[in-house]
Each structure stands twice: as C-alpha cells, then as structure tokens.
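What follows is a structure written as structure tokens; I'll ask about it next.
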Amino acid sequence: MSTILWLVPLIPLIGAIINGTIGSKLGERLSSGIAILSVIGAFIAAIAVVGGVSSSPGHFVESNAVAWMSVPGTPLSIPFSFHVDPLNGGMLLVITGVGALIHIYSASYMHGDKGYSRYFAYLNLFVFFMAVLVMAGNLPLLFVGWEGVGLASYLLIGFWQEKWSATQAAKKAFIVNRIGDVALLIAMFMLYREFKTLNLYGDSGILTQLTASSTFHVETGVATAIALLLFGGAAGKSAQLPLFVWLPDAMEGPTPVSALIHAATMVTAGIYLVCRFHLLFEMSPLAMQVVAWTGGLTALVAACAGVAQWDIKKVLAYSTVSQLGLMFVACGCGAFTAAMFHVTTHAFFKALLFLGAGAVIHALHGEQDMRKMGGLASKIKSTHLLVLIGTIAIAGIPPLAGFWSKDEILLAAFDHNRPVYGLAAATSALTAFYMWRMYMLTFQGSSRVDEHTAHHLHHPDTRIVLPLAILGILSVIAGFMNAPAVGLHFYSDWLAPVIPSPEHSHNSGLVMGISVVVALVASAMSVAKYKSFTVGTGAKSSPVFAFFASALRFDDLYAAIVVKPLTAAAAWSNLSVERNGARGLLRLGHSSVDFVGKSVRRWQSGIVGDYILSMAICLIVIVSVVLIAGTRGGN
Amino acid sequence: MSIPLNYYIVLSMILFSLGIAGVTTRRNPILIFMSIELMLNAVNLSLIAFGRYLGDAGGQMLTIFVMAVAAAEVSVGLGILIAIFRTKDNVDVDVLNGLKG
Amino acid sequence: MTLQALLSGQGLMFLFFAVAAIASGLLVVILQNPLRAALSLVINLFSVAGLYLSLNAYFLATVQVIVYAGAIMVLFLFVIMLLNMGQANLNTSYRGVRTIIAFSSAIGFGGLMSAVALKGQPDVMLPADAMVTGSSAGSVEGIGKVLYNPNLPWLFAFEWTSFLLLVAVIGAVVLAGKRQQPSEDKA
Amino acid sequence: MNELILVIVALPLIAAVIASLVHEKSAKSISIIGSAIACLLSILGITTGGTIDRGFHHVFNAPWLPKLGLMFSFGLDGMSSLLVLLTTFLTVIAVIVIPAPKNAVRAYYLSILVAGALTNVAFASLNILLFYIAFEAALIPVLIAIGMFGGGDRSKAAIQFFVFTVIGSLLLLSAIIGLRIATGTFDYLTLKDLVAAGAVDPSLLRWFAIASFIAFATKAAVVPLHAWLGRAYINTPTGMLLLLSGAMAKLGVYGLIRFTLPLGGDFAESLVPLIVTLGAVSVVYGAFVAAAQTDIKAVIAFSSISHMGYIVIGAVVGDDAARSGSVLQMLNHGITTGALFICCDFISRYRGSRQVTALGGIWSDSPLFSRLLLLFTFSSVALPLTNGFVGEFLILLGAFHKFPYQTAIASAGAIGSAVYMLWMIQRSIYGGSKSDASKVISLGVSERSVLLALALMIIGIGVAPSPLLAIASDNGHKVGAAMQPEVK
Amino acid sequence: MNFGDIHAAGAPILMAVGGCVVLLTDLASKRSDTRKFGTFLAILFCIASMLCSYTLGGQLRTAFSNGIAVEGLVVTMQILLAAIAAVTIVASSEILQSFHLPKGEYRALILLASAGAMVLVQSLDLVNAFVGIEIMSVAFYVLAGYRRAQAASEEAGAKYFLMGAFVSAILLFGIALIYGSVGLAMKANGLELPQGYSFTNIVTISKAIHQVPGFGTSPLFLLGAVMLIGSLMFKAGVAPFHMVAPDVYQGAPAPIAGFLATTSKVAAFTILMRFFTILAGADTGAAINVVVIGLALLSIIVGNTGAANQKSIKRLFGYSSVAHGGYIVLGLLASLGTESQAAAITAVTFYIVAYAITTIGSFAVVAWLGKDGEDADAISAYRGLGKRNLGAAITLGIFLLSLSGIPLTVGFLTKLGVFMALLSAGGTWVAVVALIGSAIGLYAYLRVISEMFFVDSTQQETSSTDGASKLVAVSAATLVIVMGVFPSQALLPSFEASVTAPPVSGDEVK
C-alpha cells in the first residue's frame, strides 16, 4: 500500500517531465493524452489509497520515509514521507478527480495554442505539487508543496507571456503568496522550537503531541502566535482579506487554470492547513475569533465586489474569495468538518461555473464582458442547463449541494458567533444575487452579442460538455453526503477519526429556514432586476456601484500604503545609502588624503630659502622639545 | 687669569646663529654660502676652544679637516652657482623654483 | 671672572677680537652690497684667527689667515666680480614676514644654545699646567706630531681628505668647465 | 596522498604558465585541461585520505620561511574541501563558458587561473600567515582583471575594490602578528589548542576577534563594509566575477568560521549578536537596493549581498544545523549566482545591453536559455526542491531559537528576493520579441552542457542535499548535542 | 697601521683608487672607445671592493686605531653600496651617450661617492664619519647637477648643494658639541680616555653615557646629539628634513636619482643605527626616542599623502623614499628596545637592502622608458603602457606593488618585519598609524598601476633604446620577487652569518 502512495504524486510528475521536455514534438493529441492519463492514473491511485485508509485500523496510510535533509550530529533529519488519512484523503480525491476533468476540458479548450504541451506540463506539475502539499508527512515537505503550487500558479497565470498584464498578475500572485509563505515558515520555526521536531504524524509528531494535550501544554501566547502565523500563511494562499488582491488578477490565465487552481484546489490549501492544526487553533480562542472575523469580513467584501463586476470571470473570482471567507468563518466557529465539506462541494459547483463560463467565452471567441452577452440560453443549450444547475447550487437553494454545506456553516456561526453569522447571512444573500445576475446577463434577456460572433457561434464539443455534465451531477448529489437535518452524515463520519464531528445543534431548523428564505428572495430580486437589461440602463451606475466595482479600492489602498513606500525605500537606500553613504565614505577618505597631500605639496614650495628656513625651525623645535623632556624628565 | 671656556663657546654660538640668520634671510646664493662659511668658522672656534681646555689635539685636527672641507665645498659650490647664474640677470635663489609640488 | 680681570692683558685681547668678530659677522648678514659683505667676512676671519692665537693654536691661526681668508675669500670676490654683482643689486634681501621669522628664529636659536652652554657647564678654567708650560700643542710641530702619528685616529681621515679634494676638483671642472660639444647647448 | 592540495593548486598555475607561452587559440584548451583535472582531484579531496591531524585530512607540511614561522601547511576538513571543489569547479566553468577578450586572451586566462589557485591556497592553508598571504595575493589577479577587462569606470572600481579590501586585510595582518608575538607560532592547530586552553591573554584575542571580523566582513560584503561590491561586481568581467562572487566572497565567511570564532575566544562569542543583526540588515538592505537597479548584473550583484547575509548568520550562530546549512549555502550561492552571471553575460553579449528597458522577448526567441534562466532565478529565490531552499531553510531553522527577531527579519528578506528577481525576469525575458533574428541567444554545445550541468546540480542538491550536508557538517565546530532550545 | 688595518679599510680604498684609475684612462685614451672599456673597468673595481669586504668575514674588530669598525653590518652595507655603484654606472651609459656628458668624470664621481659612503658606513670616529659624509655629499652635489645643460638638473644640483652645505655645518656643530661635552664630562669625572681612542669616537661616547652619571641628559650633549641626528636624517630623507628628496630626485636624471636615493639612505641609516644603539642604553634614549618616533610617523604620513596625487613619477618615488625612511626609522627604534637586538638589526638591514633594490629598479624603469635619455617623468606618459610596452609595465608594476607591501614581493616581508618589531615593542598605536600610512601609500601606487593598465590611450608604441637600464630594471624586478618568496636563499650569503652581532657600542670592544 505504501508504494501506491508514491504513485499519486509521481505519475503527474512524470507526465509533467515528458510534456516539459519533449512535449512540443509530440503534437497536441499525444501530449494532452499523456497529461490526462497521468492525472487519471493519479486519481485511480488516490481511490486505492482512500480505500486503504478506510480499511486500515488507524484510519491512515503511511509511506516509507526516504531521507531528504539530514545533518549528521544533530537530531534534525527531514525525510520524504507521505501520510494519508481521511482529511487529506478526501482532498486528494477532489484534486485528482476535478483535476482529471479539467485536463479533459482544457485538451479541447487550449486547442491551437502554440504553448500547448508547455500548458499541460505546468498543469501536471501543479497536480504533483498539490498532491505533495496535501499528503506531506512533515512541515518542510508541506512547504515544498505549498511553494510548488505557488510556482505552478505563477507559470500558469503568466502562460500567455506576451501579455504584460498576464506576467504582471503572475508576479503579483507569487509575491503575495510568498508573504503568506514566510508567515508559514516562521510558524514552522516556532513549532520546531516548541516540539523539537518537524514531523506531523508518527509517535513523536507534532499533531500526536498536540492530541496528548495532557503531557504537553503550550501557554496560550505561543499557541496564539503559531496559530495566527499559520492563518497568515493560509490567508496568503487562500486569498483572505489582507492578501486576496492577487486572485481577481489571476483571471489573466487560461480559464481551466482558474477553474482548477483558483477555484477547486490551490486556494483550499489554506483551509486544509487550518483544519489539520485545528487542535492548536482550539487552544487559543483569540485565534479562533481572528479567523472567524477575517473570514466573515472577506466574504462580505468579496461579495460586494462580485455584485459590481462586468467581467464574467471576475464575478466568479470574487465569488470564490467570498466562499473561502465563509469556509474560514466555519473554521473560526469550530465547525472544521463543515468547512471541509464546503470545500468539497464548492470545488464541484465552482469548477462547473468556471468551465461553463469558459465554454461561454470560447463560444463568443474570447468575449468576457457580460454587457456584450445575453440570450445565449437558446444557442448553447447544454452549457446553459449545467450553468443553471451550478448557479442554483451556489445560490444555496436546496436541495443542491451549495445549500447543505453553506447551511452547516451558517448553523455553526449562529451557535458560536452571532455577529459573524450576520456577516455570513448577508454574504450568502449577496452571493445569490450576483450569481443570478451573472446567469441572467449571460443567458437570458436580449442578445447583445454583435452579429459577427453571433452567427458563427462556436459550439462546444463533447470534451467540453462531458466534464461539465459530470460536475453538474456531482453538484446535485454532493450535498447529500452530509445533510444532518435529513439524517445523512456520511462525510462527518468519514472525517471523525481526524476531526471530531460537531455536536447536534438544536436550532438547525431555524437557521435552515432563514437561509432558504434569504436565498430565494435574493434570487428573485436579481432575476427581476436583470430580466430586461439593456446597456443603456446600466449607464447611470451609482458611485457605490463604482466603489464596489474596483474591489472597494483595495488595490489603490495597497499601492498607497505598501507598494509606494517600499519602492521609495528601495530608491532611497539605493541612492542615498549606496551612492552617497557607502561610496561617500570612500570619497571622504579620498578627499582627506588629498587635503593632507595638497598641504604637503604646498609646503614643498620649490624655493630653497623656504626649505632651509623650515629645516632651521624644525631643528629649533626638536632641540627645545628634547632639552625640556631630557633635562626635566631626567629619568 | 685665563678666560673661561664658556666665553668662547657663547661667542661661537652667537657667530653660528648669525650665520643661520644670514643663510635664512639672504636671497643671493653667494651670500648664503658666505654665511655658511661664517657658521663653519664659528664651529672651528668652538672646536679649538674645547681642544684647548681639554688639552687634547682632537679639536685642532678636526678644524684642519673642516677647512679642507670648506675649501672643497667652495670650489664645487661656486662652480654650480656660476653655471646657473651666469646667464640669469638677477642672482636670486628664489628664481630656482622649477621643481615643486 | 670679574669685569676688571677681563680688561687686563689676556682678557683685553679676547674682548677686542670677540667684538670685532661679532660686528663683522653682523655686517655680513646686514650689508646689501655683496662686495662689502665679503670684505666684512674677511675681517671676521681675521678676528677669529686672532682668537685662535689666544688659544695657542698658532698653526691654525696662520692657516686660517692664508687659506681661509686668502684663498677662499679671494675666490668669493672673484666670483662676485664675475657675476657683476659689484654694485648693490636692486632686490633687497628683505622678503616680508619671512625675513622677520628667519631673523627671530636665528636669534632664538642662538639664545637657546648659549643658555644651554652657560647653564650646563661650570666655569671651566684653564688647567694650571697648560697655562704654565705654553705647550707646543698649537704649533706646527705639535700638530704634525699628532696628525701623522699612525696610532692616533686622525691619519685615516687625513688620507681620505685627499680624495675629498679630488672630488671637489672633478666637480669644479665638470660643472664650470668649458663645454666639450657645441651640441650640448642649453636645453 | 598528502600532496593532493599541492597538486590541486599547482596544476592551474602550470596550465596558466603554459597558456601564456603558447599560441592564443590553444591557450583556452590548455587552461580548460589544467583546471578540469584540478577540479576532478578536488573531488578526491572530499574523501578523508592522507595523514589525519586533529580533524584535518590530507595534511601536508613544508617549510617556506621557518625563521619567520611561515610554513606551507595545508589540510582539508569537510568545509574547506567543499570550498576548494567549488573554486576549482567555478574556474573550469569560467574558462569554458566565458570567451576571453580579443586583445589579451592569455592575460585573461592567466588572471583567472592564478586567482583560483591562490583562493584554493587560502582555503586549504593551516598556517594563518600563509592564509593571509594567499588572502591578499589573490586580490592582484582580480585587480588586473577588473582593470584591464572590466566594464565602464573600471579603473575607479579596481582601485576602490583593492584599497578597501586591503585596508581590511591590513587589520587582519596586525591581528595575526599580535597572535604570533603572544604565542610564537602561526600554526593554526597549535593556536587553536592554545586559545582553547586559555593560554593566550584575552585582550589580544579581543583585538584578533575585532580585526579579523572587520577583514572577513569586508570580504563577505556585510552591510556597513559592502561599499566596494556594487561598483566592483558590475565592472568585473564575468569570468573573474564567477570566482570573485562565487569563491572569494566565501573566503570572508570561511574566515569567520575557521579563525574568528575559534581563535577569538569568548569575546568573539559576544560579537555574535552584532554579526547576526548585521547579517539580517544585509539581507533586507541587499533586497532593497537590488529592487532599485535597472542593470540586471547589478540586480544579481546586490542580490548576492542579500544571500551573503544569510550565509553569515548561519556561520556565526553557533548551531550545528545552521552552520552546515551555511556551508552548503556557500556552495549553492556559488552555483546559482554563477549561473545567473553567466546568463547575464549571454544576454549582454547577444542583446548588446544589460539595461532592463532594452531587453524583452527572450522567452519566445530562445526557449531553452530562458527556461534555464527561470530555474536559476527560482533557485536564487530559494524555491523548495532547489538548492537555495535547503541552505536557507537550515540556516533560518538553526538560527531561530537563539535570534528569533533577526531570523524573522531575514526570512522577510525571502519576500524581497522574490520581488526583485521576478521583477527583473518579467522585464528582461517576457513580452513580445522586440528584436530581430541576430539577437537570438543561441547556445553552443559547451555552453548548453555547462548550463544544464548547473541546472542538474541545482535540482540535485535541492532534492538530495544529505551527502553534501554530511561533508559540510565537518567544519571544526563540534558543539556537542546541538540545538537544545533553552527552556522557554 | 698594519696590513690588517689596510684590509679592513680596503673596500673604500679600492673604490677610490678605481675612481682615479678610471679618470686617468679616460683622459689618456681618445674620446670614442672609452665607453665600453671605462664601464668595464669601473665594474671591475666594484667587484674587487665587494670581494675585499666579503673576505673580511664577520668577526668583530676595529682598525686604524679604532677609527673604523669591521663587522657584519659593515660588510653587508659595503657590498650593497658597491653593487649600487656598479649598477648605476651600467644603467647610466645611455644618458651619458645621448647628452654627450663627460664619461670618465662621471664614473669617477660615482665610485668616489660610493667610497665616501663606505667610509661613513664603517667609521666609528665621528671625524671619519664627517669626512666620509663630505666626500659623498660633494660628489652628490656634482652628480645632481651633472646634466648642466638641463635647467631642472642644474636647479636640483644648486638646491642640493645649498641645503647640503647648511646641514653639514649643523652636523659639524653637533660633532663639536659632542666632542666638547664628552671631553668635559670625562675630565670632570676623572675618567681616562682609553688608549688609542679620541673623544669623538662612538665607543668613547657610549662609555661616557654609560659611566658618567647624568651625562645622558646633560644639555650640551643633548644639543649636540640632536644636531647630529637631525643632519643624518636630512641625508636619509626623513621628515621634516625631507624637502630635498622630491625636488632633487625629479631634477636629476633617473639613474643618478636612483643612486642618490639609495646610497645616501644606506650610509645615513647605518651611522644612525650605530648612534641609536649607544643612545638606547642611556637615559637620554627616552626623550630622543619619543621625538624620533614622532618624526618617523610624520615622514610616513607626509611621504604617503605627498605621493597620493602626484603628476610626476620621480617625485612619487621621492615621496615614497620619505615614507620608507620613516618605516626604517620605526623599525630601527622599535627593534632597539627589544632584547634581541641582533634580530632587530637584521630586520632593518634587510629592509634597507630590499628598499635599495626596489628604488634602483624603479628609477631604472623610468630611464628605460625615456626617449634618447629624456626621462619619462610625467605619469600621464605612462597611460596605457600595459598595451604599448608590457615588459616595462609589469616591471614597474612589480616595484610599485613591492613599495606598497603586497605579498609575494619583498616589500611585504619588510612591512611584516617592521610591524612585528613595532607590535612586539608594544607600540600598538604607532603600528596603527603606520598601517594607515601604508594604506594611503597603496592608493598612491595603485593610481600609477591603474594609469598603466586600466586606462587605454592613443599614444603610439614607444621604442626604447636603453638596453642597459632595461637589463638593470628587469634583474631588479626578478630579485624583488625572488627575495619576496625565498628571502634567505636570495640574500647576500654573508648576510645571514655576518649580521648576527650588534654594531659596535660600548664595552665589548677593547
């Protein structure tokens, strides 16, 4: 069993290497084939592993440790070791499953692009790093995956490297991620200082020491610090409030990339990290509050921004940020299982929506502005139907998946943190509103598509519709994995060995009622508003709308308080410290030597009389000094 | 009653410092050289005075050699000075400031 | 050594010659006309020669008069005439503050040295025996006995003085001699 | 056999002499042969052969000036054998990849080979006066290389570099002589024992600690003493720059580990907090100044101030893991920054300019070159699975429990490195291909193989650093059971 | 006076006689063919003098009734002086030829000057020293102004003469006062003059210092001693009496300047060494030592900063000679304090020998690069020399590196020697100032190297016709490197053995 564990990351890696080195010579069909097969292979291996996990007594499967970094003479020895238990087993399935679908989808979507094989190499590389991140048995290996996915997202966002905005967005994504990574790094050092090991599992692993909390006590200050740093790392990766600005710009990359990385997998790594260290978070109530409030505020902010976007992908991007905010609300309120469940369901319907949007854009030959869409329902019927399912799911309308998982979160928020519940409720209302706005502007209403693209609409082929269909089905049935109200708690039992399933809350009925009402009312308002939308009516957009459109002007805020001062500091240190300071020192030395030299050369006036006079005077001075010292001293 | 040694020594020191005054203030190289001769003369006086009061011939011996040296210096020195100032109109040592800095 | 002792016989001679020497020395430094300065130097030499006599250095006194005053000063006068510096040349040797500094430093030096000479040494009088016997140390015979005596240190220096004079001769010929090749005109 | 080091040092010198006599064309091949053999031999140096004496193997002693106490005494331990290997390796690469300037081919190869040989003497010497002589004599070929083959204001750069470094090393000389007078010997091992036994008066050791720290900090370009680096690196020809930044800068840190700490007595220990703070400041300062540069060579030059900051922290912090990481990072920095400088040389040669504004479109013109450049960039940014990460991680991990705040600031430096490196990469290789066909960077067989070799080493060390770490941990500082974080 | 004494004073005698012989042969023969033969003859005499002093061996004795001393130090210095004379004669054949200067007289003057220096080196009695100094100086005045057609050389000669005459008057007055004070002190304390010694003999002086209480600080003796040291420092070119060096070395033709610089330094420092050894014992030592160390530091600072932004290379070497004079004095004083005086004297002698070789070589390069005799004095003429005449550039480069004390050159070992002496004598602060001085000096020399190698110029290829000075320069450069790497083997064989004994001072010589 432990060897199969190795297969999960290695097969995509081999695919990436093949595509990376000789891909361009293989031709589209073969290179996409290799890529898809390698991800499907990983998916099958993942299934086998998950099977192994559920059958094994301790509910986890571990690989043998291959030595990586070890300094002789010190206890420090960090191996390549993998450990799969129910928590990362579930994520593994999502990653490889949704990954496979998106590989199939992008085989057709990227058709004709000259970097075809390079694209698939990067995609496989991403799956490899994501697998390593999730399955890592120790923190440095997790960090390898952590920064690895950052690298993959950099490469993929900047895939069309001719576009300046694409490479700019890629750089921005990597740097913002890096800020989070540094927080994670410092957290790692603090953990190493506290637990004197970096292994997560095993008898002396950090998590085992955490569980045996009786023998181990961390006074809350340190625990809070570590928890907050971990959350900092998670915020960087999962685009939470301070560090979310990179995700909307990441839409520069190809749409399948957005679907895979910026919806389903990479962004959820932050939540996985928090859930993995849930014991630590539970130790410090302050950390829980911070997580909850950050999540709540991010959700609300992103939702407001989502309402005012005209680019279809931007809407979905802000929606992802907002949903991630909700997941962190769940974590902040102790409902880690609910958070993980929402991760899973969100992966399905958000991937579905992104791929659907991709199909729409593909059909309209790259048009992404919703003001130039409308009335597509009749033209691309299959895409329209599946996107509708996705919209219903995400809007939180029962019985689809979105409703169940969001309801769990709202319930947890309602029980533990009433004000955050308010934020979450408002967010889910806004979510319903902007999702239906997107649906109405794209598929309903009068067609604002210019006639040239209209009459030879590009109908998506089966390789695009099949993944949509599968995701559609999953969006529908996934909700029933964990619907406690209806008595289904398959998912929480699955996670039980790692995260204790939440106790039954008595006011679930009330919360469920409120959320259903909120979702339906918001959807109705949105449908009504955008049914007969024409470009003219949008003209008189209110200042609030513009404020929301620019993501509450966070970009300008960061430009003012972070980017400008740093560039000024760089310029200052280069100019004043480097040019004048350090080299100034050299010039100072030079000029002082010059000054003394000049006075010596002036003393050498060339006139003999001066020389003899100065000799005479010097002689007198010396004589008197010696005489005074000699006689008086008399020593 | 003989004259104490100090008188001679003070006298020679006065003459020596007069010589220095001459050397440092004069602009005409020949006169500078004469002042140097004056200094040498003062030294000879003190040598002989010391020799006399120590009853040792060393002083006088050194004076002989000093005179020989003075003669040699005069011959070479005047040779040099003539070579330079033959063509120059005013005989002034400050003119020689080609080499400086 | 009271004043009146100074004025008696031996002292008188010393006083006379000392004043003459100092006066002529001062004139050498002061006089603008090089010719007059040279002549005052000659007077100075004579007065110092007189002092030598009072110190029983007869041979040296004569050498001083003949060689120093005679040969060297004549050479000086000859050179002064050669470079037609006879009449008082125009630029006085006064060079502003520099001259004052030079003069004061010279006087300072003289004062310092004489203070040293007076303070350090007790009044050294002539040893009794030297006065009486009027030894012939200063005479030609005395000098000769000491100078050429092989086991006295001065013979070595004497021999080398010959080479010194040789160098001086070569130098004079090379520097002031006539030019060999016409091509070697003034660069 | 004991004469191994002598052969490693002598071979390049002999090759240099022959190269300077023989015709220009074959000068290059001779130099390559000479330095390549030396490089292979230095791999042998890593194995513990020859006579062993107090932790040093391949110990070799021969009198040079016995009366003065100056002996040819060589010895290698893990650390110095790695650094010797690095130096010879960089020499080979410098000779292969970078074409010599047309008018003085022989002088160019001569200066590189001599510089490499003298640096090796410094790394392997066990006599502190011999170390000093090699330490200073190695500056001469660099001075000549900068002066004769350098860039724009090369004469100013050469003079400033030489005078600044020599002043530092003069202090070291006075310290060494102070030791010699107190103990009567220049031999490192006896000195080390004497100091350990406390037989040397502390005020002398204090002076030795201060003077040697200033000299080595100047060499390793720690912030206040880095003024020479900017102008020197930009104006050094790339071949010599590989050695200067790759091997000679490490002489400074090597000196700290080998001489300042053991011989500096307990005063050196009290210096450690200052050095670590300066290291952290160097990391941040280097990042800031690099971000403000427009010349890609300047960006890389100032980035190496930042990297040296990490290495210095790791070297002095006194933790075994951190020190082994620091030694490994010296190797990594030599490889990564060397590769970056080589790419920079290609860009400036084919594109005619190093200013970022004039570049762009290299990605589409020369795919292999730009992918390798990207890999080197990410290694410089310390991406996991590359060599940069291993060293940096160990340094910061080891240094954290003693100096948490400095380490935190230093890790923030990692953000800085991402900012300026990616900013440079974006402006220099991405974007539409603006230039005509002549500007396409075409790699010859030898250049391609060198770059690929470097890439393989970067990934290799990133994935399997343990064998090298084992060697690197033998650096003369057995701190007993490492890393007992004191009770919180 | 027996044959032993003649042998003891043999070296200078041979040189002087050589001078006369060369002079006579030159007069006797026709103009044209004397160049080769004259040079050969002169060198023959130099070698003869070297052999004569080498055969003296190292054992300690005096001759000419204690007027001169024979010991390791004297032997080494005399051989060095003879070598310098020979090298200068060889190197200056070019300037004699192109300026049609009288050849016979020139060689005679060089030999006689060297003879005077040798007398000074070996003299114990200040009278002999005075005569030796005068022979040397008079010859120098003539040599400085030898190329009388050129204004600069003329001016150099006149300046050197006027200052030299003034200083020799001061020197004489110093000797007179010492003679008087020693005589009076010994008479007052009833000490008898040892048989065969004069009052001005260094042995007697040291006897007076050691045995007469309080004599060391008696004002008359102090005044005399200071005057003596001051004038010797003028000859050695130590600040503040350094004024002569830059001007004369720039004025005089290069080979002559080299000869002046080295011979006067070698001679002056030997007698200074002798005088300081006897002073070190006395309580006067403290007062004079402090002052002299101050002067040495002053000359290091003046020399190095003066050289910093020089326009003329000969002036640069002038200032560097002042600086190195300062280092030698520092090494001298510091080493006298230590218990192992012999080792210290060895270090200082080694410094003087190394400095002599470097300076002769440097001036030889300047002559070599000159066009038909005219020296390449302006540093701007050296711009881009690396490309035009690589051999000359490398040679000059080696000398400059040696002057700045960079390892693998002899300059480094000398700097090391001085620092070791200073630090072991506890002079840490003095060492720091010396350190700063050498750094400034490094900057000055480096500027020239950068002019030669790092700046490209448009000047065309300079064809150098001066084979002789090229030979001298290159051999000096190789010697600098060889002595830098293997000093013991390369040195004069007599050096190691002979310089073990400290110079003659008080008691040991009877």
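Letters A, B, C, D and E mark the chains as written, and numbering starts fresh at 1 in each.
Quick note on the criterion: a contact is a pair of C-beta atoms (placed from the backbone, for glycine too) under 8 Å apart; a residue touches a chain by one contact, two chains touch by 3 or more.
Treat the numbers as computed from the prediction; the structure is a model and nothing was measured.
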| item | value |
| --- | --- |
| Touching both subunit B and subunit E (chains) | A, C |
| Between subunit C and subunit D, the fewest steps along chains that touch one another | 2 |
| Most distant chain from subunit A, judged by the mean position of its C-alpha atoms | C |
| Per-chain Cα centre nearest the global Cα centre, belonging to chain | D |
| By number of C-beta contact pairs, the top two chains | B-C |
| Distance from subunit E to subunit C - Cα centre to Cα centre, in angstrom | 31 |
| Rounded Å distance, subunit B centre to subunit C centre (Cα mean) | 6 |
| Euclidean distance of C-alpha centroids - subunit A vs subunit E, Å | 79 |
| Inter-centroid spacing, subunit D versus subunit A (mean Cα positions, whole Å) | 37 |
| Where subunit A touches two or more other chains at once, by residue number | 601, 604, 606, 608-609, 612-613, 616, 619, 623, 627 |
| Residues within subunit C bordering two or more other chains | 95, 102, 105-106, 109, 113, 116-117, 121, 124, 154, 157, 161, 164, 167-168, 171, 175, 186 |
| Residues of subunit E touching at least two other chains | 127, 130-131, 134, 138, 141-142, 145, 148, 151, 157-159, 162, 166, 184, 198, 219, 223, 246-247, 443 |
| Chain pairs that touch, as defined at the top of this document | A-B, A-C, A-D, A-E, B-C, B-E, C-E, D-E |
| Touching residues on subunit A, where the partner in the complex is subunit B | 601, 604-609, 612-613, 616 |
| Interface residues, subunit C side, partner subunit B - complex | 1, 5-6, 8, 10-11, 14, 18, 21-22, 25-26, 28-29, 34, 37-38, 41, 44-45, 48, 51-52, 54-57, 59-60, 63-64, 67-68, 71-72, 75-76, 79-80, 82-83, 85, 89-91, 93-95, 99, 102-103, 105-107, 109-111, 113-114, 117-118, 121, 123-127, 130-131, 135, 137-138, 142-143, 146-147, 154, 157-158, 161, 164-165, 167-169, 171-172, 175-176, 186 |
| Subunit A to subunit C touching residues, read off their complex | 609-610, 613, 616-617, 619-620, 623-624, 627 |
| In the complex, subunit E residues that touch subunit A | 158-159, 162-163, 166-167, 170, 214, 216-217, 219, 222-223, 225-227, 230, 234, 240-241, 243-244, 246-247, 283-284, 286-288, 290-291, 295, 301-302, 305-309, 319, 440, 443 |
| Sites on subunit B touched by subunit C in the complex | 1-11, 13-22, 24-28, 30-31, 33-35, 37-38, 41, 44-45, 48-49, 51-53, 55, 57-58, 60-61, 63-65, 67-76, 78-83, 85-87, 90-92, 94 |
